[in-house]
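In what follows, structures are represented as structure tokens.
Shared between the two complexes below is chain A, which pairs with chain B and chain C, respectively.
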Partner chain A sequence: MRRGLVRRGPLAREASGRESTGLRTGRAARTGQYLALLAYLVFLAFPFVWLISTAFKPARELGSLHPTWIPENPTLDNFRQAFDEQPLLQAAGNSLVAAVSAALIAVVIATPMAYVMARHRGRLASAATGWVVVSQAFPFVLVIIPLFLILKNLHLINTLWGLILVYVVWSLPFALWMLAGYVRAVPTELEEAAAVDGAGRVRTLVSVVAPLLAPGIVATALFAFITAWNEFFFALVLLKTPEKQTLPVVLTHFLGAEGVADLGPLAAAAFLATLPSLVLFAFIQRRITGGMTAGAVKH
Partner chain B sequence: MRAALRRAATSVAVLALLLTGCSGGGDDGRDADGTIRLRFQSLAWQKESVDANKQLVKEWNAAHPDVQVEYVQGSWDSVHDQLLTSFEGGEAPDIIHDASDDLADFAYGGYLADLRPLLPERLKADIPEQSWRTTTFGEGVHGVPFLQEPRVLIANTKLLKASGARVPTPERPWSWEEFRQVTKELSGQGRYGIAWPLKEPVSVTLNLGLSGGGQLFHRDGDGKAVLRFEPGDGVVTGTIRDQVNTDDSAARSALGMGGSDALPGFFGGKYAMLPLGFSYRQQIIQQAPEGFDWTVLPMPAGADGTVQGVSPQTLSVAEESPHKEEAVAFIDFLLRPANMVRLARGDWMLPTGTEALADPSLRSAEHGWAVGAALAEGLRPAPAQSVRGYPEWKDKVATPAYQEFYSGAIDTDELSKRLVEDGNRVLARYQR
Partner chain C sequence: MTSVTATKRPGPDGPPGGRSGRDGHGGQGGRPRRSWRPGPSGPPQGKAFGDRAAWFLVLPALIPILILSVGPLLYGIALAFTDAQSGRTRSTQWIGTLNFQDLLHDTLFWESFRIGLVWAVGVTVPQFLLALGLALLLNQNLRLRWLARALAIVPWAMPEVVVGIMWRLVYNPDAGILNETIRDLGLGDGRDWLTGLATALPAVILVGIWAGMPQTTVALLAGLQNTPRELHEAAALDGAGAWRRFRTVTWPAIKPIALAISALNLIWNFNSFALVYVLTSGGPGGRTRLPMLFAYEEAFRYGQFGYAAAMGCVMVAVISVLLAVYLVGRLRGGESR
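Right after this comes the complex of A and B.
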């Protein structure tokens, strides 16, 4: 016992002190991290919670000097008014067709292209990478008029086809960038092993690479979907007739001149417009988790 | 492998099905049976206003089977960019709803038809000369001004009565000095006599500045626009600055607000008065707490009386429209006196037409309609709205200069220097 104590003398105490200091530091760091995370969550959630609160408030509460988080007299009037005044369902249908189509087409095109970019190092791949980077630098306003003229010549103005084409082209560079990263994360040894087992190139791609890329493909599709779902300016300019308009365009119909807004119905409609993205994230989130290839190769 | 191909083929098929019905057709403005199709892009956004517009389109279409109008709702928020792209791409609507201060570039750019040879005499005579001037660019008239709103003071009746101040009328408005005194009397105990929501200070300042004899924009011998800061330009700006920085009778925190943002403070008794556009009355009716008593007062008058600048809402016809005559005929129908009243009531604004303005429903004391109607005579074209380079001057020079001036960061000399010297450099680039 005594020897034990002796053995646990100054050095041991120092070590134990270091340990407890390290523990305290670790705990403090962890607490700091959680606080920062909490602050970030509040920062992210605040506008959304406020949106929900506004959507359920009657007009009189919107003009209150002391606004409350929870509506005192919650009402569905704003939702009724929003649906009554604007063709929200039709617009949501248009948005859904445009966003789903754009996401699917973008992924179908981007997946093989990303594979080539990631696996084949050469001038073409470098040029493609350069194009991806440069294309991100063009602002909407710079391209909109030439784009409009091109689509007009193709008789694609005021069609969802035209809009989908624009969304695909617009989201393609970033989709490529994202997917190329996922492809690089797939160990080449797996492809080599498949080749050794007798699989051809196509078989290897379809049966080995594609399943491992699934999370990346889902994440990319989600990115393309949300980009298209929220996009406003192209839809505003390219779609002329009310029955073709998408949700973000219809939402602006609740805005008047000089920033005046029909706040209640606008909040109600905007809340509904955010739901598909949220639901999609909730369902697909698990599939986006990485690490599917962890442990696949022994080094 | 085959299964994978099958899956891919199915996906393509599903996609094709999804896209069924996506395509649209071209539009040469006339159907196979000869029916003319016109597109009317309206910016009406409040329910009553949208309903009034749609109903009028329906009535027109029922009476004119050979000229059918399609109602398309646009948005104030993005109308300029959207129209610019449509003009450039040759796909603009035939009939365009906008505001006169947004038309200059389109009119000078040749995108809007000159309506002088097309307008019927009735419509020309019904709308006063000062309103026509808002849509006259160079030699041409490029829009029909039809709705306008003066800025008015919305006052808390209870607080105003309690202060014992004289209640102004359109015939006997407050002077700017008297107004400053009243706001001082209304202030105290955490309350301000007024809140100036000046998120966008330039148009408010220029428009109200007319009453004090301010003009800021002048024409030199060659007809070029030139900026000069004269004593009259300092009347309104000086009053606001003094209220905020000397008297503490105007809320400093409101300077960065929009009109809607200031309403809760008004309803809560924090501000006794708010200077707002006439159409804000609708929002006040919707949001005011039960029993809240408010009244509409004219803005103060200066040396030039109760005049103020406005940029009316307008209806224009696209130059590229193949059916300009029919488009103007539709505008004429839309702006018949009875119809103009419906549109004005729907938007809580004043009609420009003299016959519509005389309608008893727009002369009633309820909700301050009579006060607004009485102010219509003093409405003038907003200064500078037809000056090329005005938007750049407004954004890059005037907005920051006025914001700093009202908050007390710079004095009148510095304000004048920046507005005039920096401003004239901007204008010169556009008038070479």
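Right after this comes the complex of A and C.
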């Protein structure tokens, strides 16, 4: 054991940055770890692989009693058929408008508030933080009925604007949480220096704090976009006519009445609907995880 | 608008020492110095601004929050004490606790509530254990870790509706990969998982576990990366085995995050809707009818707004009590060790 330690000590220190290496990890344990990781990867990836496989399969293979992992004769027919069956382009357009507007508005109104949450000591900041936490526990069912009635009175039922308003408020808790974390990461000394230099508060915010926050703001906006793009429940309740509906709602139309769905087009449409979220998520993945940690740091 | 005193510069009691040094820096822009500052003044430290400025900054977000979040919540609680229905011309009446009395005897609702609890616990607990295992692995120096990290996050990025559709394809009795694998392994013919009375709920729970893995893993991984490494090394030097090191070093460090994320998961899962709506719509025979689905149907299919709001209130109340018990129990359990 002693020898092992001597041999591993410097190696371990060298190999690891901030992560902990396997201290004294034997070969058997290492193999076990790789096997476990492989099992996780299979579990996490196989449904998605199956979705893609189904999307590219011709109808004949889909009807076969022995489905294969890889389509024997890959085809784009399912995609063509999906666009024929449902107004996918229109739905994607609606989703895009709703998600982009919601993300932009959310970030614009959340950034100043997040600044207060991070920098201000007072009842207002604690109340805001309290709301962020409590709103996570909000039962949607208790909120959706009043929302429906309020939006109905404002004549915003079955409009994208009504949905956008709901999405803005609904994405605020996470946006505030993330942005407050980013604000805390900006050293107060910078602001103090700007103030000493005679920059006014507004000026300090605009030309000192905002540029440093920009990457965080972009990441938050993208996250808000993804949440809105993926959202289903509010869209289902608030949008009635097919021309207004967003992508997730239209996707459920493929399922038909009693489950007997046309699998190929269903898979093709579902795959397409996921792509924007996946691509954007790949961009901000690191920042999201960083933002969660930053927000979690006690102050 | 701001008082005259606010026009003063920070003054003699400003940050000591830093001035002359920073002036050199500040010259870079060559901008004219202003001698006034909008907003109330104060020492330019942490609490650099007064309440009025804070209100001003908070207002744009506060108004929508009040109208579309806090307001609806209170409105919803009030609705629970009325006979509100959709599309009715007669005005809504206060009916006191009548909805709650009805609810007490509504066996369908309580059955749905029980399913909701089974679902929430059945998803949250395995999800936590699996995510903890994955986070521990991802915290090691393994090859392909980047790939595993990227893949572990994929379910997070997917629309819930797509997750549901995807698993329907997996569970499909004829064209699904699950039954095909079972046939290949010679374990029988497989079955129709989502419509079988016995299999529907477990099948749906598995999807729930899959879908929520990323958030839990990421949170736990963040906690793991804050564990003091020196302690780990010291414990290893003292000859503590992997399990002991986990118990004595890792777990105490990640416990707050673990508690927070599992409590949040419990709430999120209990409130979940889209996954099960797409997978089974609550069937077969109500075996997967989560309380959210029940309340949704009550409100938007049958138009019983007041009654559905009462259901929402009961859900919140019970979940709050359960959470309080869980958190208090956990925290106390930690102290006695």
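By definition in this document, the second predicted complex is superposed on the first by the 225 of 299 C-alpha atoms of A that agree within 3 Å, B and C clash if a C-alpha of one lies under 4 Å from a C-alpha of the other, contacts with A are read in each partner's own complex, and residues count from 1 in each chain.
Just so we're on the same page, a residue touches a chain if its C-beta (ideal position, glycine included) is under 8 Å from a C-beta of that chain, and two chains touch if they have at least 3 such contacts.
This one's a predicted model, so the numbers in the text were calculated from it and none came from an experiment.
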(request) Once the structures are superposed on A, label A:253 by its partner contacts, choosing first (chain B), second (chain C), both or neither. (result) first
(request) Identify the partner contact of A:66: answer first if only chain B is touched, second if only chain C is, both if each is, neither if none is. (result) both
(request) Applying the touch criterion given at the start, work out whether A:202 contacts chain B, chain C, both or neither, answering first, second, both or neither. (result) both
(message) On the A-aligned overlay, A:240 touches which partner chain: chain B = first, chain C = second, or both, or neither?
(response) first
(request) State whether A:182 touches chain B only (first), chain C only (second), both chains, or neither. (result) neither
(request) Give one of first, second, both or neither to describe whether A:136 is in contact with chain B, with chain C, with both, or with none. (result) second
(message) So in the superposed three-chain picture, is A:104 touching just chain B, just chain C, both, or none of them (first/second/both/neither)?
(response) first
(message) With both complexes superposed on chain A, which partner does A:157 reach: first (chain B), second (chain C), both or neither?
(response) first
(message) Of the two partners chain B and chain C, which one touches more residues belonging to chain A?
(response) C
(message) Going by the contact definition given at the top, which residues of chain A touch chain B in one complex and chain C in the other?
(response) 62-67, 108, 141, 144-145, 148-149, 202-203, 232-233, 236-237, 252, 254-255, 259, 261, 263
(request) Sort out for me which residues of chain B touch chain A in the complex. (result) 1, 4, 11, 15, 18-19, 22-24, 26, 39, 43, 45-47, 50, 70-73, 75-78, 81-82, 85-86, 88-91, 93, 99, 199-200, 258-260, 263-265, 267-270, 277, 279-280, 283, 286-290
(request) Using the touch rule from the top, collect the residues of chain C that touch chain A in their complex. (result) 9-10, 14-15, 18-19, 22-23, 25-26, 33-39, 44-49, 51, 53-55, 57-58, 60-62, 64-65, 67-73, 75-77, 79, 130, 133-134, 137, 139-142, 144, 147-163, 165-170, 172, 174-177, 180, 183, 194-195, 210, 213, 218-219, 221-222, 224-227, 229, 232-233, 236-237, 239, 242, 245, 257, 264, 267-268, 271, 273-274, 277-278, 291-292, 295-296, 299-300, 305, 308-309, 311-313, 315-316, 319-320, 323
(message) For a test of understanding, state which residues of chain A touch chain B in their complex under the given definition.
(response) 59-60, 62-67, 81, 84-85, 97, 100-101, 104-105, 108, 141, 144-145, 148-149, 152, 155, 157-161, 164, 202-203, 206, 232-233, 236-237, 240-242, 244, 249, 252-263
(request) Would you mind writing out the residues of chain A in touch with chain C in their complex? (result) 1, 5, 15-16, 18-25, 29, 33-34, 36-37, 40-41, 43-48, 50-51, 54, 62-67, 69, 108-110, 112-113, 115-116, 119-122, 124-125, 128, 131, 135-150, 165-166, 168-169, 172, 176, 188, 191-203, 226, 229-233, 236-237, 247-248, 251-252, 254-255, 259, 261, 263, 266-267, 270-271, 273-274, 277-278, 280-282, 285, 288-289, 292-293, 296
